[in-house]
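Next, two complexes with subunit A in common: one pairs it with subunit B, the other with subunit C.
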Partner chain A sequence: MGQILQFTINGLMSGAIYALIAVGLVSVFKATRVVNFAHGYLIMFGAYFYFTFAVLVPQLPFAPDWLQSWRPEWMLAMREGLPMFSPMAAVLDWLANLPRILLGLAGALVCNALLGMLIERTLMRPLMGQSVFAMIMLTVGLISILSGAAQLIWTSDAEFVPALAPNTPIRFEMFGANIFLFGADLANMAIALLIFVGIVVMVHYTKSGVAIRATAEDQSTAYSMGISVPKVFSRAWVLASTTGAIAGAILATRNGISPALGLFGFSVLAIVLMGGLDSYLGVFIAAMAVGVLEALTQWKLGGEWAGIVPYVAVLIVILIRPHGLMGSKEIERI
Partner chain B sequence: MRLNRRHFLAGSAAASATLGMPAILRAQPSEYVIASSLPLTGPFATAGQMVAPALRMFEALVNEDGGIGGVPIRVTAEDSGYVPANALANYQRALATEPNLVMYFGDSTGFMKLVAPELRGASARLMGSTSFASELADPVNNPYQYLPGPSYEDQFDILLQQIADEGGSSVAFIFSNTEFGRDPIAHGRARAEELGLRVVLEEATREQGADIPTHVTQLAQSGAEFCILQGYVTGVWPQLIGGARQFGLPTRFMGTFWGMENAIADRVTAEAGPILDGYAGVMPYKYFYDPERGPVYERYAAFQKAAFAGTPLENYMPTWGLQALFSLTIGIEALRKVAEKGLELTADNAAEALADIRDWDTGGFFGVPVSMVNNKIGTGRVYQYGAETRLFTPTSDWFTV
Partner chain C sequence: MITGNLKTTYRADEQVLNNRWKRGFVLGALAGLVAIPLFGNNYIVLIACQMGIMLIAVTGVNVVIGYTGLMSLGHAAFVAIGAYATVIFHNAAGGVIPDSLLTLVAIPFAVAVSALAGIIVGLPSLRVKGLYLAVATLSANFIVIFLIEERVFAPWTGGMVGINTPTANLLGWELGSRRELFWLIAVLAVLALLAAQNLFRTRVGRAFIAIRDRDYSAEILGISLYRYKLMSFAISAAYCGLAGALFAYFYARILPEQFDLHLSLMLVAAIIVGGMGRTMGAVYGVIVIVMVPEVIKVVFGAFAGGGAELAMIRAPIQEIAFGALIVGFLLFEPFGINQIIDRALRALNRWPFARG
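What follows is the complex of A and B.
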């Protein structure tokens, strides 16, 4: 039982990140009816922006020393004598990195938002009124552009970034088994869930959110009711880009950073199809289910199966419910 | 016109010259081509993009030395994206478009296995690669493919022997779920049993974006004293070690060639602290910073300083680049031997010359003379990373398996 709990929690931590990635896909689809195949590459850009502001900028000659490593006297005194991998040392080391972590997050959010706006204004908006298929194909083309641009700007070198939260180990006993958790992963899960819930609340209870939902229902009616549909499109892309920036930063702290990060979006696309392209709740359930299935499969059947079993489950769900777990039935399939 | 003796002789001479010309051209082409597939994009792009300039340097230096039998070489590189089918298409294209193709450099175990059945008759070329896959060191079935160092199975043997010598009793194998990752696992399991070691965990992971908490949990619960990592290049292995260290696991980590790059270890240390301190593994070649680097490394260093100024290759050649350079160097050595004998540079002649290489002084790649036995060079030594020095330093003498 303890083992099941351990791997279920591990799966939920992965699932929360899948959900954060998926929220961007759903937001763009809800507002524009476009499945953004390039979403994984927006996330990759978010990760690279985080790397730029958290690692490269603090190394610049004019950057103050505290930005690279903030170690006031009291911190040095506390850190002295602590074993390298003790929980307190992990917290203090994280605190020393906090200024650049915050700069990295702020930089990633702003730059990715601008990137999302740029894509929407220069590539997607001119296609408004054209077939949705053309817009979807454009996002496919965008994959090559973003992937190539990232390699030109940052090269293909594998890089490493500071964790968003202290990676202190957490151990406790439950049902007779030792449970191991990573502090940073729990924090990542909390961040992902908070953002996810925040977006769902925003979409349901704010004016902007109502505009997105109205546009999703019927663009022409939304226009006639005075809603600026282009603005809604723009907001959806900015929302996807900013959530993508956070997801990118989290992925970069977990796995390091390289252009291969963009491929992550494709596995999440299957999750979105399982949950329903236009359902936040459905996608959330699907993300958590796939995360847990992956972890349990890894535990019981090994890594050879971990990449297959969850996606067989996705396939079965889509076969039974072609519109996904909670997606609207009238969705046009592509 | 009447055909007299003079006309007959002149006509015969002209006909002979015309008919013989292609043979002369074939014997002495204007250049020889060495083609390659590199993962310039995809999960191992970091490695591919650092190897590409090394190939340019290789071409320049070989041509400085007179090419092959006085004929210059041209080295080409095409992107495979680390997809074996792409690399196979690249090879087939090179065969079709480069009439003087004499050697090929492949970029993965998957490609080498995929192309092996194609290497027959006119489609065969001498073929080195980035792979140390054990299956490729098979002169009977793959006479044209060779390994530029010990196979992954050999590398596992060395590490397991070291664990046994240190009194270890349990070991975990964590590997990427790829051809590259799975290659030595079955052999390693059998060898561990022979040495009296318990294999307490065999864990396959994604090659990128692995679920680190789950794998570290499995490792923690296995209670392994040692853990050998296989099938990774830039990612996963540092995060696994970092996770284990955060948890205070006493497990000692080891790796094989592709997990032994100093530049990656340095980047990990810069961001995550000294988590890799004590990490050890097998390396066939001297690191580029070795204080006793030989004339070949000195020559590379001089070239790099001039040609790659302002890039990461100005003062350093990663182990991935050294592997590609050595793989091609030994291939060129074989081709030169064929040319010296006045034979045609066919795959059969090249493979025969390659198999004859014995006690060869590599000029610095290895610390001892090496031999090509069973299409591999089973020489290397164990290095260990020190977080203070930020260098991999040798902890064993050179050995040959």
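What follows is the complex of A and C.
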């Protein structure tokens, strides 16, 4: 019982990150009707940008010392006499890293937003109004371009990247079972959920969010109502690439940076289709469900089986409900 | 205005190669094909064999994507199934069937197993379309590779480390060298192309095209979507299975990672570059997709002379070039190389009276 609870909680934590990645895919789909097959590689770029700004830039000769490791007097004084693995020491370690974490996040956000905009302007916009098939295949081509470019730019081996939150172990008791978590994982989950909710709220209530929904409903009507559809497109891409950057930073701290991060995008794609392409709620449920299923599979059958859980799940769901859990059915006219 | 197309008999009108430029082009290509094993060096034969194997698989993908309009990103799975079915059949039936007949039985067996797998993977195509189908086939690809790698099946598939493959043997003629194997590959590839070209002059092929153009309209016209979509998947999987069987004979050892997503993308990229829904499109696409990395390799070799640092950036550049090909053709020539060559052949046929 205790183990089930532990693995379920682990699963929910990775499910939250799936949801964060999925929100980018859903937003681009809602606005442009294009599913971005290269989203995983955008995330990989986010992770590499975070690595660049949080690890490589502070090592540069002209970077100030506090960027590398911030140690004001009071912090040194507080550190005195603390035991090695106390929670307080972990928090202080995190504080010392805070400047470069913030720089890393800011850099990743800005660079990825620029990358998303570049892709939208140079590749997607010329195809606007043409068949969606061409645009989707274009994102398939983008997979190779992005993964090749990443290998060209970041040839050095990725080192350890600082976690976004103090990584203190947390133990507590729940329903009579001992649960063991890491503080950073919990914080990642909180960040992911906050952003997810924030974007859903934004799409529902702000003016630009309404523009996205209107474009999703009917492109030409949106145009004639005075909505700048190209602007909506590029906003959706920026939204996707910035959430991707944060997801990339989180994944970099969890699993390290490798070209395999790109493959992660495909499992999220499966999750998105499982939830229903245009439903935030459905995608959220699917992400959490797959996260938990993966964790339980890992526990019962071993790590390698966990990798195909999203694919098996999406096949089963699609066979039963062709438009995903909560996706809206497309109405076709002849 | 269409000119230069005057036909005086029905026979002439029905011909596949309906003018002398096309006829000359195809005959020239066949002559070139025969010249490869006779005069080419080992490197050329190697590349030509790879192209032949790819060509069969791409023709299969063309049936499902180009003609039936069903998106598939998982056809490498069928190539894998064909390759592994061949090897497993050889290992299982090695003592029972005489060696000289084994290949002749193993290839149809691999094709049949792949076609069966195609029907199973095609099942979602009855319910879902477009994007959903693309992801469903992608998932199938991941699952098939996973099952091949899985420890439970390792005694048959070799697992992660791969498995040694048998040598083809046609009625006692051992195809030990690549040059000998090329004959088998070339003959099968030409037959596959001919079969594909003629498939679309039959009732089945026309049903596929009707489904591509508008599936609901096709259904109203009395075409059973259920039957023809599955048939399309089965046919294309059978082509890929044949490619897989040749793949197994061609390489000394096969590994599961040779059939991962990258191969699926290559197959799709080849028809995008060559021209979707055109028989010759597969040919041009395969030539480009196989040649571009080789050309980059040669160019790099000329510049670097084997420098380790430059060699390290060669693989990423090959990858970028591959992606750029897909993107470039989609942006600038969506109908592919086939369209460019068609235009040229048409211009030649009408010269000097009309251009284009």
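We take it that the second predicted complex is superposed on the first by the 320 of 334 C-alpha atoms of A that agree within 3 Å, B and C clash if a C-alpha of one lies under 4 Å from a C-alpha of the other, contacts with A are read in each partner's own complex, and residues count from 1 in each chain.
Methods note: a contact is a pair of C-beta atoms (placed from the backbone, for glycine too) under 8 Å apart; a residue touches a chain by one contact, two chains touch by 3 or more.
Just so it is clear, the model here is predicted, and its values are computed rather than measured.
Superimposing the complexes on subunit A yields a three-chain arrangement in which subunit B and subunit C clash. When the shared chain is aligned, subunit B and subunit C each come close enough to touch A:155. In the superposition on chain A, contact is made by A:126 with subunit C only, not with subunit B.
Within the superposed three-chain model, A:308 lies in touch with subunit C and out of touch with subunit B [touch as defined at top].
Once the two complexes are overlaid on the shared chain, A:145 sits against subunit C while remaining clear of subunit B.
Touch criterion not met for A:115: it reaches neither subunit B nor subunit C.
Here subunit B runs into subunit C after the superposition, and of 1-9, 109-117 or 325-333 the stretch doing so is 109-117. Within subunit A, the residues touching subunit B in one complex and subunit C in the other are 147, 151, 155, 263, 304, 307.
By the touch rule above, subunit A contacts subunit B in their complex via residues 3, 6-7, 10-11, 13-14, 55, 84-85, 90, 93, 147, 151, 155-162, 167-169, 171, 178, 180-182, 185, 251, 254-256, 258-261, 263-264, 294-295, 298-299, 302-304, 306-307.
Residues 35, 123, 126-127, 130, 132-134, 136-138, 140-149, 151-152, 155, 263, 266, 269-270, 273, 277, 304, 307-308, 310-312, 314-315, 318-319, 322-323, 332, 334 of subunit A touch subunit C in their complex. Residue ranges on subunit C touching subunit A, taken from their complex, read 71, 73, 123-124, 127-128, 130-132, 134-136, 138-140, 142-143, 146, 149-150, 214, 216-217, 220, 261, 265, 268-269, 272, 312-313, 315-320, 322-327, 330-331, 334. Note for the complex: subunit B touches subunit A at residues 40-43, 45-46, 48-49, 177, 202-206, 208-218, 220-221, 233-236, 238-239, 242-243, 245-248, 264, 267-268, 270-274, 312.
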